[in-house]
Amino acid sequence: MTKSNFTRRGVMKTGAIAGAGLATPIIFTGASWAQESGYLNAPQGDTVTLGFNVPQSGPYADEGADQLRAYELAVEHLNGEGDGGMLSTFSSKVLDGTGILGKKVQYVTGDTQTKSDAARASARSMIEKDGAIMITGGSSSGVAVAVQALCQEAGVIFMAGLTHANDTTGKDKKANGFRHFFNSYMSGAALAPILAAQYGTDRKAYHLTADYNWGYTTEEAIRSSTEAQGWETVNTVLTPLTQTDFSSYIAPVLQSDADILVLNHYGGNMVNSLTNAVQFGLRDRMVNGKQFEIVVPLYSELMARGAGQNIAGILGSQNWDWKLENQLGDKYIGTNAFVQSFGTKYGFPPSQAAHTGYVQALLYADAVTRAGSFNPCAVVEALEGYEFDGLGNGPTLYRAEDHQCFKDVVVVRGKENPENEFDLVEIVEVTPVDQVTYAPDHPQFAGGSLGTCNPGA
Amino acid sequence: MEAIILQILNGLDKGSAYALIALGLTLIFGTLGVVNFAHGALFMLGAFCAVTFSRLIQMSHTVVDETRTDFLGNPLQVDVPYIYDFFGQAAGDVLIDWAVPLSILMAIPVMILIGVIMERGLIRHFYKRPHADQILVTFGLAIVLQEVIKYFYGANPIPTPAPDAFLGSFDFGLMLGFDAGGIVYPYWRLIYFLFAAVIIAGVFAFLQFTTFGMVVRAGMADRETVTLLGIDIDKRFTIMFGIAAAVAGLAGVMYTPINSPNYHMGMDFLVLSFVVVVVGGMGSLPGAVLAGFLLGIIEAFASMAEVLAILPGINQIIIYLVAIVVLLTRPRGLMGRKGVMEE
Amino acid sequence: MGILEVKNVGKRFGGLKALSDVNLSVKEGSVHAIIGPNGAGKSTLLNCLVGKLIPDTGSVSFEGQSVLGRKPHEINQMGISRVFQTPEIFGDLTVMENMMIPCLAKRDGAFSISAYGAMMDDREIVERAEHMLEDMRMIDKRHMHAASMSRGDKRRLEIAMCLAQEPRLLLLDEPTAGMARADTNNTIDLLKEIKSTRPITICIIEHDMHVVFSLAERITVLAQGTPLVEDTPDRIKGHPKVREAYLGESSGH
Amino acid sequence: MTDQTSNAGAVRPKPAAPAEKTGLFGLRGKDASLLVFVALLTLLAPFILNPFPTGSAMAQFNAGYPDLMQRFVIFGIFAIGFNILFGLTGYLSFGHAAFLGVGSYAGIWSMKLLTLNVIPSIVVSVIVAGLFSLIVGWISLRRSGIYFSILTLAFAMMSYALAYSVLTPITGGETGLQLQYFDPRILDGELAAGTTPRANLFGLEMGTSYELRFGSWLFTFNAGYYIAAACMLAAFYLAIRIFRSPFGMMLRAVKSNQQRLNYTGISPKPYTLAAFVISGMYAGLAGGLLVAMDTQVGAERMFWTASGEVVLMTILGGAGTLIGPVLGAGFIKYMENIVSTINKSTLEGWFAFMPDGLADFFVTIVYPFVGKGWHLTLGLLFMAVVIFLPGGLVQGGQKIATVLRRDRKGSGLEPGAAAKRKQAED
């Protein structure tokens, strides 16, 4: 590849400042610039631009807003403003509050609209127009996979935001993409033993699954890990993404002999299906002499808020929770530091979407600093197989084979009597990392290949 | 058998929402000839009347509780609703608990007012404009209303529960000769169905038995003649728009305990309600109601696991499939009148 | 054998008998009027002739060929043109364009996709349309937006459009309904002129006796869905049955 | 300039004066100058869309980067095609995004199975979208008015729902389809493992760009954009020919009076079906170009909001005019891509010159309308355009042109009357 495939505005921006006043037109081909720096959008001058691509319209707009808050906080901390947040607890100490490699961090924002097309358009605008060297954010797997592929093609780093489907680091994994968030398999592996302990091993589960990729991988993960615990899956029904009233899917559950309902739903789907399930009195049912229970594999604070009191007593898994360090001690150091600086700035505790975004931004900055270069290939090398601690999840590994983070998974339950709208879940247990680790060639993740890192030149 | 009865109940319940929205949409189509893409937004505004009302009566002042701390370790600030101060905690709790039904009292005047303002301020200037312009302006309005709500209430769904008295389900099992627990159905959904039936009956009775209604019906059939008779049909149409807005708004208010309202719930319903109206037949009120219930019931049956096992994915497309079949076999929908919106 | 032969045509709408046992023969080259009181079935009969309605019984044939079961545009292509009660023209188009469409239909048939060449480069069609407009003394209005013309001009344009197709039978459905006396007379003159300059058969449905008696060579009187009598204008005037069924009733006009 | 804009949208029949010559590519004077005008606009777009120096506060409003320029012309094609159906025949399809989506899927499968060259992929897109629109059109055109709209909507929503769920093996479902180095691609050589497949035109990759720096201005010339722009010009040229052709006149006749058309011996159905298929093929072309420029397809591009978007583009620009749909498409895409990226720190940058309190005040006032509030601005502008410019943006341009001309000549038509006449002619 000798031709560049993206323009490098970052180069030009500073080039333009240097050449301001020059009236002679100079024609550059993309290739000549690429050879100079060796990679796309090399930051020139004293700033570096990051792209925060989050949903700002559509159903996940609030989650995106929370992510954006965390990114802004991360930029502050990287630039040495504010209280420094997790920089003080992070196991790597190379970040010193002087930006990244001495360059002040700037950022641009865009709206993914939770549509893969719009997300790619927004990411391309950041790369082509604003000269962003790294893209991060997002609140769904469809968007994450689409933007990750784009970043691979373009030659910048993608630090995924909230994406839970196996595919992101499974069949659609890419060398330039990294995911800190946990995934469907981990949810299943973390939940199954606790479900067995709480509800017994002799259970019959009925799955309602959102009819798209994330739903499929989550259903598969939960099924296989609960069946391994001795559960029986009596039925699985796919529900359309656009469904708002789930009554006609819930009612048949009453007719079956299932005593567990697993809702493989996220966002609005989950809020509505859970609300409907509780309306139909499923929580009060006794089946086969056992109390009927509902399980929501992937929890989020915002969804819990949307579902209100219906969430009480429902088990699910999370990537992180702001109460981790307070309740489970020093292993999860970093949590309080982050909550403290986020809470002070915004007045409420951060969500897990905010946390993963903040951590991803820090990890990227750290990798660049350790590598001593913004070159995506150097960053990839620095992140692959990197072990770190102090970012709120305990000791964590960025696995080289699939660019997935491995760390403890938090199992939570909706609080019976929440004190306020930010304190809706309680931590039940933390499943240790080795229980959720899987082989890189696990069948649920088969079919893809990282390829080679692309520096865009 | 129980499963089928349950799905019929579900269908009637879904159908109630469809029918109520479609009814309002048809009133506007029929009386004013306006394609109102903002009708979904009216439904959404109704739902947010309930949210606003419950927030209003929960308006509170903060009291610092030194004995407890918040998540950052500062003294906890506890919110105390004003309503406790006025009525005492017990009565206050009852009022808060009954916020959704009570908010109807607020929603009716508010929605009528919104409808009248919309008609007077905007829609009436578009009666003579092409349908394309009507679509553009009402769609723009829908976006604006939606974004205003998003600005104030956020994008996340807001839980708005029904009064505690209506939590839980009604057991039809014994009543219909099945086992106890065989057919249980949530109280609030039954109420929603009854409520929809009352509203629909009310609108029909109003059009059928009042002079006002008769004039409006005549106006729907032949606007020019009625105007020639010297009746100020415009004024009546304004009121009709207000009523249609109120119907949509009430459908929204009562829907909030079924699904937590969010700012784009109107758009979710918009396309579906257009399909319902057209399947029912343009300009036909009974058609809209019939189509609403019909599509609700068909949708409920299509989502049964037994059906999905034979036809995977049928639940994704059933409404549209039925719409196509109906429109191809009956050119003007189930009960459409000739010449309405056919050009 | 006439150019248009209607035999035993009957049509019901539900329980209502609109036409029964209608027999009619229009002689080639004649002006034939169909009159009758409101609800006599004149419009139904006309719609049966042009393919808008299909009669329940009987047959309709034009130049020996049956028109039954054919679509309106096919019947038109056989050589029957229709003028409507309210002028049906292309209101959004200019007069010239209105004129060009029947010229195209005449030359290219019911469907021909020529999406590339410019309309105005088609000399043949342009000339034919201009010629027709000159003939009808409308050439000065050719850039006018058709909808903005007067009622009389619209009627003239509609008739011109029908004639551009060189039909052998022209059906007119109350062509002067709602017109002022002057416009009515103009239309009568126009039709007389057409009759005298072209080999065409005209079949006219009319309410206005003045029009009928100025133009028609033969008159069929329709009452309650059946032809009462068919004869020359002079004899119709004095016919007792007609007076009873029609003229007596219409004396209030 | 004013002359060109004033004629921009008029579908004006010319007197058949023999003196008038046909000019450029067989177009008459005003159409030819319109084509030249549009060609210049697209050719010089990298300059026109980047009026602000990089690094300046106003650089936020620059739209001259490849992705957005490509989107302008691609959605321009989509809207031009939609306008052939809606603007000429008056049939309002609410499901046109389905053809764009189907075209995109066909295009990417061509790149997966045949070759990375964009030409076969675009051809396949157009053909497949054409066939699909033939089926949908043949069924939907049995009804007219809103019944037709709902039929097309139903087909599009079924396509979307199935593509997102049941058809995941073919469409990639939620995550969409992307190219892989291990795709078969029978016409191309095998790619090395791990490399990224890129769409190209006989070796020229779509992402290739050349940059021109002029002082502190920067202009980007992107190969993909110029290929898409060439397609748009061809599409636009063809649209002019169709508008002026006997076929185009028949389509306008369909809109005007189907009754009369029937009784003029012409059957409207084949004409509308032909228009439907042509506009479906335009949508397929747009879909094919979308994957050529950005090798990924997501099912959302078939959702009803995407169909609604092209309706809005056309009405916003001016339905039935030639240039209107292109303007509408540019307008909406600009809002979506530029206004949505203005965040609080950008705003603070703009108002930094003011005293603190005042700056905060302005940031607070403006903030709800930009960034995550871009939809609000869009909605308000929809309403403003339709209220104040009933014929869309084109009519707005014409009004301005009329006022200017009257000022210059001191005479001329009343703007209202001119507008009315224009509307009548459109």
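Should a chain be cited, it is by its letter among A, B, C and D, assigned in written order, with residues numbered from 1 in that chain.
We take it that a contact is a pair of C-beta atoms (placed from the backbone, for glycine too) under 8 Å apart; a residue touches a chain by one contact, two chains touch by 3 or more.
For clarity, every value in this text was computed on a predicted model and none was experimentally measured.
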Innermost chain, where centres are averages of C-alpha coordinates: D
Chain at maximum distance from chain B, centres defined as averaged CA atoms: C
Chain pair with the most C-beta contacts: A-D
Distance between the centres, which are taken as Cα means, of chain D and chain C, whole angstrom: 45
Chain B and chain C, separation of their C-alpha mean positions in angstrom: 52
Where chain B and chain D are represented by their mean Cα positions, the distance between them in whole Å: 35
Distance between chain centroids, defined by C-alpha means - chain A, chain C (Å): 74
In chain B, residues with contacts to at least two other chains: 312-313, 316
Sites on chain D at which at least two other chains make contact: 161, 164-166, 375
Contacts with 2+ other chains: residues of chain A: 57, 61, 65, 211, 238, 240, 242
In contact (per the touch rule at the top): chain pairs: A-B, A-D, B-D, C-D
Of chain D, residues touching chain B in the complex: 86, 90, 92, 139, 142-147, 150-151, 153-155, 157-158, 161-162, 164-166, 304-305, 308, 311-312, 315-316, 319, 368, 373, 375-376, 378-383, 385-387, 390
Complex contacts: residues of chain B adjacent to chain A: 2-3, 6-7, 9-11, 13-14, 17, 70-72, 150, 154-161, 168-169, 184-186, 188-189, 257-260, 262, 264-265, 268-269, 299-301, 303-305, 308, 312-313, 315-316
Of all residues in chain D, those that touch chain A in their complex: 53-55, 62, 65-68, 71, 161, 164-166, 168, 173-176, 178, 181-182, 193-196, 198, 205, 207-218, 220, 222, 294-296, 298, 300-301, 336-337, 340-341, 343, 345, 371-372, 374-375
Interfacial residue positions of chain C with respect to chain D in the complex: 50, 71-74, 76-77, 81-82, 84, 88-94, 96-97, 100-102, 104-106, 108-123, 125-126, 130, 142-143, 145, 147-148, 158, 161, 165
Chain B - residues contacting chain D, complex: 35, 122, 125, 129, 131-133, 135-137, 139-144, 146-148, 151, 267, 271, 274-275, 278-279, 282, 312-313, 316-317, 320-321, 323-324, 327-328, 331-333, 341-343
